[in-house]
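Each chain gets a letter, A, B, C and D, in the order it is written, and its residues are counted from 1.
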Amino acid sequence: MKKFSTTVRVRYQETDAMGVVYYANYLVWFEIVRTEYLRSLGFPYKEIESRGAYLMVAEAHCEYLAPARYDDVIEIQTWISSVKNCSLAFEYNLFLEKKLISKGRTNHVFVNRDGKPVKVPADLRPLLTSAA
Amino acid sequence: MKKFSTTVRVRYQETDAMGVVYYANYLVWFEIVRTEYLRSLGFPYKEIESRGAYLMVAEAHCEYLAPARYDDVIEIQTWISSVKNCSLAFEYNLFLEKKLISKGRTNHVFVNRDGKPVKVPADLRPLLTSAA
Amino acid sequence: MKKFSTTVRVRYQETDAMGVVYYANYLVWFEIVRTEYLRSLGFPYKEIESRGAYLMVAEAHCEYLAPARYDDVIEIQTWISSVKNCSLAFEYNLFLEKKLISKGRTNHVFVNRDGKPVKVPADLRPLLTSAA
Amino acid sequence: MKKFSTTVRVRYQETDAMGVVYYANYLVWFEIVRTEYLRSLGFPYKEIESRGAYLMVAEAHCEYLAPARYDDVIEIQTWISSVKNCSLAFEYNLFLEKKLISKGRTNHVFVNRDGKPVKVPADLRPLLTSAA
């Protein structure tokens, strides 16, 4: 199982009146690390879409263990936890100064332009399974 | 178990390049119906905060069953599924033209200004437990 | 010149660590009142798009006179200040409890799917000019 | 006049159903480059806030010359165009592959925790004026 990490710096826009990062933004960060992970595997998500395959989110889960604040640098770690016929699951760990602050998971289904499930693209599958 | 509903109309800002509502925005809608539900119980969240109690999110979960698009009117239904010493859980159903398009759940902990867990405010507890 | 108003209630997600509404969100509100205004003229923006015409933003301007906070109810007023061959301008006033808190302006160009400027749709033009 | 640049990669969340970056997000990017510029001058905005001074936005203006799309890398350039007693103005140019796609301007007022205008912090002023 290969792990992949990237970092984000908390934007003022991502904070809320409680002085911490608004909870929905963790899902935005999950998307960022997915994008960068697929790029690192040689498959930028933009290219997957340009062939008419879309990675729809079927399920998202997030645990919030400690808050993040404006200007914090967050390490977002991801790995692929499952590859099936038409679907794919990612897990995530978020770290602030080496401390785990959040854990997450998303399940995705590959769909075509009409939203119908399609198989994982043939040339992407071996890369995903070897990474999982 | 009392159910409470409100509606949102999908904003252009909430859509993404796939032509559907971006997945993180469902958590924003969960927040909206929580706010309106607490208001309907006679406890606007703003008043809870003004006493120094904050409803931190500890966990969020969302299933995406069918997409929502720009200008769609979404019915967001919520109910309280558990009330404990310091914590509270909500569940959610989202409907588009009476069709269930998403299911969600959030767990919350009451904390003080320093982020330390505190008990559910005494005058709020009976309202929450009778609604659960 | 016809004026049109709608209201929004400030979402927690729209606030920032300063405890006020994050400045970019005023442009989201401008979009909401434009959408509702076009609907009130009998031309939902979704229908305009379904014919292949898009109202691209060419310019946006906003003045922030007083802050807005979580749960505030904001009245957003708009009117059409100019209709040209391919373009359209809206102005905005935002009120909190009858007090003007923001003024804005956006200029738009009608474009086709390829982003090329096109004339204001023929059946929409008389409605816009009579409203301006 | 010193110019400062940073880059952002367009997030899926920042796109809309038109397939381009939603217009309000340009103001988020302006905030990012302001943050990085102040850091480069030795004055992280977080430190300014920790002393009780806040850089409120009084006015924002943005011109949209060409669209940006998912995964594009945008160069955001900023410079300080004016420093007054209590206020500060930034200008911005956005580039996609060396092509200017947007121009912007924001005016800011330094305020205290109560939102009252205060003078530009004494040790920050010389850095700002020498950069302007």
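The working rule: a contact is a pair of C-beta atoms (placed from the backbone, for glycine too) under 8 Å apart; a residue touches a chain by one contact, two chains touch by 3 or more.
A quick note: this is a predicted structure, and the numbers were derived from the prediction, not measured.
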A-D or A-B: which has the larger count of contacting C-beta pairs? A-B
Residue-number overlap at the subunit C/subunit D interface, same or different (half cut): same
Going by C-alpha centroids, which chain is farthest from subunit A? Tell me that one. C
Which whole number of Å gives the spacing of the CA centres of subunit A and subunit C? 33
Using the average of all C-alpha atoms in each chain as its centre, how far is it in Å between subunit A and subunit B? 23
Gap in Å, rounded to a whole number, between the CA centres of subunit D and subunit A: 28
Can you list the residues of subunit D that touch 2 or more other chains? 12-13, 24, 28, 31, 70
Residue ranges of subunit B touching subunit D (in the complex, touch as defined): 12-13, 15-17, 19-20, 22, 24, 69-70
Could you pull out which subunit C residues touch subunit D in their complex? 18, 23-25, 27-28, 31, 54, 56-64, 67, 115
Where on subunit C is subunit B touching in the complex? 11-13, 28, 31-32, 35, 44-46, 70-71
